[in-house]
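Alright, structures below, take your time with them.
Same chain, two partners: chain A is paired with chain B first, then with chain C.
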Partner chain A sequence: MIQKKICMLGSFSVGKTSLVRRFVTSLFDEKYHTTIGVKVDKKIVKANGQDVTLVLWDIHGEDVYQKMRMSYLRGMSGYLLVADGTRRQTLDDALSLNERVVQEFGRIPALLLLNKYDLTDQWEIDSSQGAKLAAAGWNVFNTSAKTGDAVEGAFLQLAQATLDK
Partner chain B sequence: MAEQAQRRAPMAQAQEKSLDNNHAYEELRHLIVAPETEGLAAVEERLDNLEKRTEDVSEVVAEAIHMRRATGDQALADALAPTIQETLRESVRRDPHVLADALFPVMGPAIRKSITETLRSMLQSFNEALDNSFSARGIQWRIEAMRTGRPFAEIVMMHSLMYRVEQVFLIHRETGLVLNHLVAPTVATQDPDMIAGMLSAIQQFVRDSFHSRSDETLGSLNVGELQVWIEESPNAVLAAVIRGHAPADFRQAMNETLEDIQRHYSSALANFKGDAGPFRGADERLSKLLETRYRQAPAEKKKPRTLMIVGGVAAALLLGWLAYSTYLLIEWSRFLSQLKKQPGIVVVSYTKDGRTFHIQGFRDPLAADPKLLVSQAGLDPEKADLQLAPYYSLDDAMIAERAEKLLHPPPTVKLAANHGELIAEGSASQQWITKLEEHAPWIAGVTKVDDSHLLNSNLQQLYTLKTSLESIVLLFPIGRAELEVGQDAKLAEAQNRIRELQAQSEGFHQTATIDLVGHSDTTGIEGTNLVLSQQRAEQIRRFLMKGGVKRDGLRPSGVGTTQPLRDETTEEGRQLNRSVTFKVSFAPVGNASASTSNASAASPGN
Partner chain C sequence: MPPASIFESFFATQGFALFEFLGEGEFRLIGTWPAWCRAMWGDLPTGQETVRIGDASPFLENFLFDAEQFWASKSSGSVNSGNWTERDSAGREIPLEASAYLLEGKRLIVVRNLSETFDQQQELFQTARDSLLVYEKLLREIQKKEILLHCIVHDLTQPLSAMNSVFHLLEREQLPAQLKKHVKTGERESQRQELMIRGILEAFSSDLAAQNSAKESAGDAPDLAACAQRAVREFSTAFRDHDVRLRFDSRAKKSTDWRVTGDDARLDRIFGNLLENAMRYSHKDTTVTVGVEDQGAFILAFVDDEGPGLPKDQPESQLFALFSKGKSHSGKAGLGLYFCKITVERWGGTIGAETRAQGGSRFWFRLPRAEKGSRKSETPAPEKHSPAEHAKKEKPARRLRILVADDADINRELLIELLEKRGHIAIGAKDGREAVAELEKHDFDVLLVDEEMPHMTGLQATRAIRERETGTTRHQIIIGISGHVTEEDEQRFRDGGMDAILAKPVHMQKLYEIVESTTAHVGGSRAVQAAQVAPATRPIESSAAPNTAPTSSAAGDSVAYLERSTGGNKKLMASLVAILFADAPKALARIGRAIAQNNSAEVAAAAHLLKGSLAIFGASKAVESARSLEAMGKTANLREAALEFQALETEFTNLRMQLASLAPKQKSTKHSETKTGRKTKPAAKSRKR
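Take a look at the complex of A and B:
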């Protein structure tokens, strides 16, 4: 069986852990748990007609207090760059984080998830911004860990991308 | 010749024609393939040109090696190895510093790691030995070491293998993905993929947090009874989940396994893209690590037997000790009752203190030596503490013993005591008898002295003379009062004895009375016989007095046939009855009348 190491990257409180939880266990918890260090989870998906084990490294969100350790990313096959659609700043942070990742590891399969899409009334990212990201080569997903919208699809697509690479 | 010329002409013509044709062909060819030809020429020139060719190869050599290596083929390494070895050798020969400088950053950590590893194994063994030295198990192992004659450390190591390697993870170092995972039977596990991922994350966390270099890694984790031992190679991580305490050499086994895997799967590890399939083959190597725990199983079975032997020996020792103690107690009490019976020894009390017996009491100085009695009873005199105060015993045996010591009796005297009365028997000189009578009453314990059975040895001589005289029989013929022929010697002997008796008895203040008794046989009438017997006695007195015997004390008498010496069935018996015999009696001086009256009593029958 093929195994792939997938990392969840993004600022703190954008919903990385919730996305993993939704994807792996189909559950959502309103309470916020900050991740310290790394939490490893896994899910077996079908891609290209074969089983692929996704080993999900849910890495603590980056903030002013703790920088993300690049060493956690070593050997990853792909990553999900997560931003909070209701906080514009998290998108900028995600993109700058992405630059550092690319610098260190080169281009590897990645998706951009704009999470918390259930809170559209508070959405801070307009469609022009979305177009700009698409133009920059980003495959953008509007996801909601709470409702489960687009979550599975995003993971499946990333799994696919790691196999195609 | 002309013909030849003629022939040549058409040939020349033809040649010319063909030359034209060739030219055209050449031109045509030039027109058609000129670019290719030039290209070919250029290629040819390039192939011939060594410099150009080198330049070409140099452009692709790196990619070529890279491609070849990617196929996982060993041939490239095989081909390069001798050259590289030669190069290294040559480099060292020319200037060792170059290689030394290059290796320096590698050798330092490598040596350090090796030393650390050795020290760690040593320390762990030492710690285990210390831990085990002071426990009940440790004592048991010490006994086992003594019993088997093997070093204690070896016994400890053997028993320290009480651990169980529950899981073995082979993890791809870079991605943290599981390459292989083995679980011991009956062990419940979490998802290995997640565990492996977390282990890698922890590893990286530790490395980052302590700013250690990539060759310095977390060696083990302890979680309660579980330990996770981690070993790393350039591309792989080997983690073993161990319950209990594994000996240090298990890490050595892990290291060897990992090195083996790293060597065997080097290209698969380097090109790992998430497919763990190729690493299924490592099962056999990894399962050896799980099997390690079975090695100590037989040793564990041995333990109850060891315990039984130790227990048995202890029980036997205890039983033996108990039996010996009981035996000693019995022996001592037997000895005590014997001691109590000993004359001159009184036991007041005794106590036992450990293995020593304390006996308190009294002892007559003349009593038996108690130490000697202890040895005679088969006991150790060193273990006997005898506190016996001296005293005078009134025991009869002791009184006799004491009298013996003080009176020094001659060997002919036997002394005994009976309720305080000292009894002397046998014979002794007059001096000793006097001494006895004087001193004996002063001896401690003597209340009375009885020497009535003690003969004066001097007096005894008189009795010897008396007996000797009384055995003499002087014979007479039938009907006559003159001695038979041949009786002179006997008469002379009788004479001497009587003289001696008379002389000696005076010394003892005794008067010896000698009856001369005449006898007759039954032939003839009784009246005649009585007279005849009197005449025979008178006759002998006359002879004796003639021979110098004093008349005093000689008392002739005749008894006739009334006191025959023999019955008269034979002539010999009758002859013996025709005789005179002697009878001696003593009386203290001045008391002779009794004897005289006694003698006169026989007289009326004359």
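Take a look at the complex of A and C:
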């Protein structure tokens, strides 16, 4: 069976682990559990009419305590860049992380997820920013690991993109 | 599989699995196959000597690349994989860690189950990150409040700006003398109100800076009696218009040292707020008395009125609370007394109000006396003027020779025109190098120098000038001009040897204040004792009130904004608009070309020039777009430049429509020439004056 390594990238507490959990087990936990290191999960999806095993690398968010090792990304087929829509800074951090990734690995399939879309009353990313991101070539998804909105769609679209590449 | 030694069994019980690398992804298990490995990766095939651990675990497969590199390097020590978590067959998350070693020529990998210690580590990180989240949230809350405050101040200032413009227009009309007097009063009061609102913003947004700005030593400390007398002078007309007498209590002895901890500008505002309050509640033909009293370690200032006294049902403490207003709603937003309270308390003083026994009310504040011992001389200090007083004078004390160095024609033009209008002599230079060369040939009282210029920046020019002064008694007054003045910038300018900073966009009054007060500090002489004006001890005079940046959010405000910046000089306004219309389209084309060519440096340079030009017209959105483009250029990140460029073009189109009525009529045969010698159409190579 085809296997595709997919990495989850972004600052701490943006919801990477929750997105994976929602996608793999359809569950969600309100409490924030920080990730140390890497969590590896798998899920089989159908793409282009065939079964594909997505090996999901949920990589800890960068902060002053933990820096991400670029070696974790070796061999990835695509990645989901995740930002927390209620924390504007996490989008800047994600974009800056993306620059490092592109510099190291070149352009590979990626989607930008603005997560926590269930908290739109606290949203800090305005529509003009969304337009700018789209203009810059980003495929942006407003996701909610809590409600499940757009989560499966994002993973499937990325799986498709890794096959199309 | 060989039988396990006691050592190997112990190793396994401690959560370790040890493998020797045989090459081609094959490993030999040393010792026993731990239960946790079995739970994750299943049983080892019977009778098989080797295991492919990379096939069992994607993480280990990835780590093998690092391990093989390490073994190939023949280094001592080890290489570590970092933590990772995998699920076992029961769905439990098992935290793991792997290390590679090279021991006695054997290539080893140790995989360790961290379940025993992981919870502690997890808890530590969890606490740290939870704290970071709380901290971030707190910061965001503070920022939101600051933004709200800025919005409030902006909303309060906007109508006042419009009122100022209306008064300004009325002043030009042929009005009866009495009416003219009322218009003047209205204009003065609305300008004062605008200053006060900005003052409140300063007080709120830079609490600490305000605290630090208080002068505690007697040498620099404000004279409370002099402040009170000044307030009486400034308010006397307004009180007269209300038929209320305003007097200074003559019992204050001239021989007493009335200096207190505080600063002049804020004390003026405190007296202003208390007097406005008294005027509001005073009936016709009554008297308001301002005075000071010596109370030993403290000095008391008071404002007595003969009005109705304090409201009986309102506690005194509530009078000074934020947004508190009297029941009659005679007051404004309820900010004035609150400002007085936080400022006085910041200086270690107290403030209060009471109903007087003989009727009316007394508002008072008490401030600590300034510390003695640092008095510079026993001879009476020469009369000091606040910067505002300098600027208020119709004509400056003396005509100054000023060199203006700015690479943007439009900024240079504006500064030269404003300075000449004031009666000074101003000469232009296009960059720092020209400015330094000009100073070698001629004497100038002041050098006004832009921070960012090609060939030689303002700071580089300042350093060159200061180096030349070393060992002499000369000190060239240098005022830096910058579009963005933070505390860090101030420090940078100070360290670089500048005497003062002027924030862009430059406002006429602020320009006069800083240029004239800075030269007044050195007694009107360029050649002064170095010690008197040593840069390290001289205060930086900044015009950087938080909202001196363009405050208009739409191009619709640009005409009023320009009128204010230029003092309503129509000819100058037309000249500036002509320059903008000639230069901005070219700058836009330059930016567009540079984006297409992915030329970051060119984007930054062109956007910088355009930003300075747009700021003069208060076109904040356009300025913001130009600033973003400049930043993108400087960081060589043009990913979003095309989009920002589009926004900039749209904003410029709006601005152009707004300013169209001010543009001079184009002549078909001859192009007009501005005072700085640059042709407005077609663009010609500009020459300095």
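Convention: the second predicted complex is superposed on the first by the 165 of 165 C-alpha atoms of A that agree within 3 Å, B and C clash if a C-alpha of one lies under 4 Å from a C-alpha of the other, contacts with A are read in each partner's own complex, and residues count from 1 in each chain.
What we mean here is this: a contact is a pair of C-beta atoms (placed from the backbone, for glycine too) under 8 Å apart; a residue touches a chain by one contact, two chains touch by 3 or more.
Quantities reported herein were computed from a predicted structural model and do not represent experimental measurements.
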Which superposed partner A:G153 touches (first chain B, second chain C, both, neither): neither
Partner chain(s) touched by A:S77 [first = chain B, second = chain C, both, neither]: first
Which of chain B and chain C A:V55 touches, first, second, both or neither: both
Contacts of A:K132 with chain B and chain C, given as first, second, both or neither: second
Which superposed partner A:F12 touches (first chain B, second chain C, both, neither): second
First (chain B), second (chain C), both or neither touched by A:G37: both
Touching partner for A:I2 - first (chain B), second (chain C), both, neither: first
Greater chain A contact set [chain C / chain B]: C
Intersection of chain A interface sets (partners chain B, chain C): 5, 37-38, 40-41, 55, 57, 69, 71-72, 74-75
Interface residues, chain A side, partner chain B - complex: 1-5, 37-38, 40-42, 52-53, 55, 57, 69, 71-72, 74-77, 162
Residues on chain C engaged by chain A in the complex (per definition of touch): 57-59, 62, 65-66, 82-87, 93, 95, 97, 118, 121-122, 125-126, 128-130, 132-133, 136, 140, 637, 639-640, 642-644
Contact footprint of chain A on chain B as seen in their complex: 172-178, 191, 193-194, 197-198, 201, 204-205, 207-208, 273-277
Residue ranges of chain A in contact with chain C within the complex: 5, 12-13, 32-34, 36-41, 55, 57, 63-66, 69, 71-72, 74-75, 87, 89, 99, 131-132, 135-136
